[in-house]
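Going in written order, the chains are labelled A, B, C and D, and every chain counts its residues from 1.
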Amino acid sequence: MDILGAWIAVFLTLAIFSFLYKDNPFYKIAEHLFVGISAGYWMSFNFWTQIQPNLFGRLWPSEHYSDSSLWYGIYDMLGFVARPIFPAGGIDMGHDLHMIYLFPMVLGIMMLLSIYKPLNWMARWGIAYTVGMAAGLRAYGILNSNVLGQVKNTIIPVIGTDLPFFSLTGDSYFNNLIILVGTVTGLLYFYFSREQTGNFGKVTKVGIYFLMISFGASFGFAVMGRISLLIGRLLDLIKYSGSEFHHASIWVLVAMIVLLGYSAYQERESSS
Amino acid sequence: MLWKRQIPIMIVSGIGFATLLGWFIDQPTFKSFVDDDATQWFDILAAFAIFLGGLNLFKLQMQKILRKKKGWQYSLFAIGGLIFALLAGFVIKGNPEAAWGSHVTAKGTLFKWMFNYMVAPMQATMFALLAFYVASASYRAFRIRNFEATLLLSSGIIIMIGRVPLGSYISSWFILYLLVLIGGIVVNSFFKNKQYTAIFVGAGIILVSVAGNSMGWPLDEPGIFYLPYLQEWIYRYPNSAGSRSIMIGIGLGIFGTSIRYILGIERSYIGE
Amino acid sequence: MNDRDFMIGSGIFTLIFLGYWFFGAPYFIVERFVMFLAIIVFSGILIFNTRKAQRGEEIFLRTIPGLKAVEEAVGRSTEMGKPVLFVPGISDMDQVETVAGVIVLSHVSKMTARYETPLNVPVCRAIVMKAAREACKESYLVEGRPDMFHEDMVHYVTDEQFAYAAGVNGIMVREKPAACIYMGKFYAESLILAETGNSIGAIQIAGTASQSQIPFFVTACDYTLIGEEFFAASAYLSDKPELVGAVKGQDLIKVIILALTIGGVFMRILFDAGILDLNILNILTVR
Amino acid sequence: MMNYLIEMILKLAKVDRRWIFLIIGLVVLIPLMYPLSLPVRAGKDSQQVYDFVESLEPNSKILLSVEYGPSTKPEIHPMVTSLLRHLFGLKRGHKVYVTCLWADGQFMAEEALDEVAVNEYGLTYGEDFVLLGFRPGAEAVVKGIVSDIRKVFTIDAKGTKLAEIPMMEGVNRFEDFDFLFSGSAGYPGTTEWVLFASDPTGVPMSTGTTSIIVNEMMPYVLGGQIQGILAGMPGAAEYEKLIGVKGIGTSGMDAQSAAHFVIVIFIFLGNLGYFIERKRSKKHQGY
């Protein structure tokens, strides 16, 4: 099973890399397979990590199980249909009984029902809940950390303490001044109610310079990170080229190059 | 209309206010809703919704196959992958010891096998494609077009080289000589006079050599020309300033937008 | 609501809150008072400016080139007879950026309806699919072209980040859209999308608040809405006074923030010199 | 000769990007097969993480949060294993609690613990380290851990009830930990820990992130909200150097250095071609 897996993994890896050459049947196979499998993967995964434990586990916890109650009667009926999802005697996920979780269940079922055109509007409630929740939670967190927190971090001494005037990589007045100027001018770039001309334009220009340095640095970091990932990928391929996997990487690579080369050759023939 | 418009707007405002105020209210039931349940509900809702998405994917790929649209053969892989993943998720466990529910993470199950040899390698390979793209993007985009682009390029290159071990072998004196040469190019394009350029470059080289000789050519001095130090300075100070201003801007943007949703000023996300 | 109502409303609110405070503020987390104040004041500014704009006061906003380009890009697709591709990011509706992306989509779909250009919106989350469909449907209805709308112009690909990127890549190289618009929350797939879009020669416009992805869009796209510009986009595109007013309000908040920063630095100097006995940093620290 | 050179540079500047792809691939592959072993110099931020871990009181409780998957494993995994080696190697009775915000993070955490805690140090599960496992919900999980860890995790990853795990005694909420290390590749990750856990409670934290999000984290590091940062694979290599155990991070550095230099050479050639081109077109316009 592991050797078969290694061969599949190698094929899929190289098939996706082949997109760098051009769009080709190998890539198309890998792409479609990836889309299909991952959709099914996340459907199953979310069901078993969200709906079953966190929703059903709260609605029918094993702690409160009794055969006589009507509520668990429904549960037993469901269990009759799908035992793995509704194991005998309630679900033991350590949750207490939370009837309030009927609300998300109703929202979820409404979401599913919205596939039927006349009930299309039902999805809106779920969307509305999501947006409302996100807005409320984010507004506080982001104002605290991204705005006030960063303002606080920008209030740094520029005179009057025992810091040195200049130190390349340590704290110094010069570096603090850079941070202060950069933050203020950068923020002014995002001031919309004024055209960026004249003196104001000059100030925002400085802001843009800081933004550009920051973009460049990000880009540099990105190059670094992406190369690291390629290193990881190639290390795997090197591992799979070993004899315990029957040299999977090498064989698949050769086969792919031959096939792609052959089709490129044929294309050239037919076009000439 | 009530069901389709007013109630969704009321849900957004109601939930939005509740989650926002929840940050300030120290009341156990309310607090646990805001801290825990609010996002949990969303996760449950999203877990329901993903089935809707899967159905849409299935429908579109099926249509492609039935109508024999161009490339329909590949859709077979998408449908096959989806069905395979759902089988592994809901029907075939593969490891009798793992219980339903924990089979999505337990060792030795078909689901885990699918993850290890299909999902993970494809995920990682798509990610690794970025190593190539980042190279070609930097090759194309890092052109000295104007001052801003030059800043972007310089900070990118300094970070790229300064952060890897090989970069720490580049003496600051080498960089100084390089700067003298670049200065020469600038002087040349500014004055368009070969004599000036020669004088500038000659004087620069002599100056750097004398200084280097008197200091004994230390690798990392003067520090501002030693790439590992310089990159640290760039990413700690000017880069931080730039990204901080973007951060504050984004923070205000998200805050303002969230408040707009909560107050019902902006409603077009549900088709108003 | 006019100014007077606004003043009366905020007066009543303040009175009620003072009363609540007077009675010991039960259940209130007092350490977060600074944040509470900030939210109230900033929201007040936003509401006030929104009202002001609704009354018809002229509000000037500087031009953002990327937003002007959206209409041009749609126009060019029409001329070339090729579709417009819109990617609303890979996050769910619980990210404010995604919601903002869907709002931009509602404007873009108005343009495609007007120009009768096909629109293709692959999405990564089913809830986003639902919301995007509603938004598009409404736009086509408003433009009087409900016949041109069909549900599957917004279609689900998969929840998996890179499978989604692979799928969108496939759409790009096979359908060759003339305009690719990326608006929403993006992660590592940003560069895969933007580079592929670049290789097929499409006009690319991006807008995102994902800080780490902005540089890629800046280098690989024709126009990029950076951070806050992206959130202002819906106001620009819709031209609705209440939204324009809110952007103006945000600008005022920015001025306050700048004043706070610079004033804070001075206060800190005075504090360090021992002249002022008030550490501004303690005030701004909210646990 | 000169003309020939110029022609070649111009040709190189317009080279099909697939040649770049091929060269990058080879430049990364070859050093991996034939390593050069360049030495590594530890930067300030890695040193800060190291020093902070060194300064932890004996018998500290450390929360390790795993937020990466197979796709970002090459960058973060070496950091996590090095940190574990450091913590256990100090032999000061530190206890490590591992949680995962990413589903696939649990596989990564299992691997790291098996490798270091079990195989290298022979430690006992439940007494020296525990894998609490993955819980879905992103920031909700973080907030849950802050308010009551036993509500989020009723059982650990092996299905044992928390009450039956000896080292869980006295651990009820986030504030009971002495230090948090987040190995983070994106959302949910370090940002959520800063916003919802470390900032509100004041428990110190460090982080190891992919290179790409370092930039986003730097303001937090400079503001003292995070104690040092391990930045990408070089950060991992630096930490490996600090604790004196070489690993994937160090061996990847050769390929990394080589690839960076090749990219810089490409950029240089591209600019050279661009300059020559621009000069020529100016001449043609008859300056």
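Convention: a residue touches a chain if its C-beta (ideal position, glycine included) is under 8 Å from a C-beta of that chain, and two chains touch if they have at least 3 such contacts.
Just so it is clear, the model here is predicted, and its values are computed rather than measured.
Each step here moves to a touching chain, and the least such steps from chain A to chain D number 1. Interface comparison, B-D versus A-C: the higher number of contacting C-beta pairs is recorded for A-C. For the pair chain B and chain C, the distance between C-alpha centroids works out to 18 Å.
The centroid of the Cα atoms in chain A and the matching centroid in chain C are 19 Å apart. Centres computed as Cα averages put chain A at a distance of 10 Å from chain B. Contact with two or more other chains is made by residues 20, 23, 38-40, 42-43, 45-46, 49-54, 57, 71, 115, 119-124, 126-127, 129-136, 138, 140, 142, 152-153, 157, 160, 163-164, 232, 235-236, 239-240, 243-244, 246-250, 252, 254-255, 257-259, 261, 269-270 of chain B. Across the assembly, chain D contributes 17, 21, 24-25, 28, 44, 71-73, 103, 134, 136, 139, 199, 212, 214-216, 219, 222, 231-232, 234, 256, 259-260, 263 as residues in contact with two or more other chains. Across the assembly, chain C contributes 35, 39, 42, 92-94, 96, 99, 126-127, 130-131, 134, 156-160, 162-163, 166, 174, 188, 191, 211-212, 214-216, 219, 226-228, 232, 247, 250, 254, 257 as residues in contact with two or more other chains.
Contacts between chains leave no pair untouched here, as each chain touches all the others.
Residues 31-32, 35-36, 38-40, 43, 102, 105, 115, 120-121, 123-124, 126-127, 131-132, 135-136, 138-140, 142-144, 153, 157, 160-161, 163-169, 228, 232, 235-236, 239-240, 243-244, 247 of chain B are the ones touching chain D in the complex. Contact residues of chain A toward chain D in the complex are 20-21, 45-46, 49-50, 54, 93-95, 137, 141, 144-145, 149-150, 152-153, 169, 179, 214, 217-218, 221-235, 238.
Across the complex, chain A is touched by residues 18, 21, 24-25, 28-29, 32-33, 44, 71-75, 103, 134, 136, 139, 154-155, 161, 194-196, 199, 210-212, 214-215, 219, 222-223, 225, 231-234, 248, 252, 255-256, 259-260, 263 of chain D. Residue ranges on chain A touching chain C, taken from their complex, read 16, 19, 23, 27-28, 30-32, 34-39, 41-42, 111, 114, 123-124, 126-127, 130-131, 133-135, 138-140, 143-144, 147-149, 151-152, 154-161, 180, 183-184, 187-188, 190-196, 211, 215-216, 218-219, 222.
By the touch rule above, chain C contacts chain A in their complex via residues 34-35, 38-39, 42, 59-64, 92-96, 99, 126-127, 130-131, 134, 156-160, 162-164, 166-167, 169-170, 173-174, 191, 211-212, 214-216, 218-219, 226-229, 232, 247-248, 250-251, 254-255, 257-258, 260-262, 264-265, 267-269, 272-273, 280-281, 284-286.
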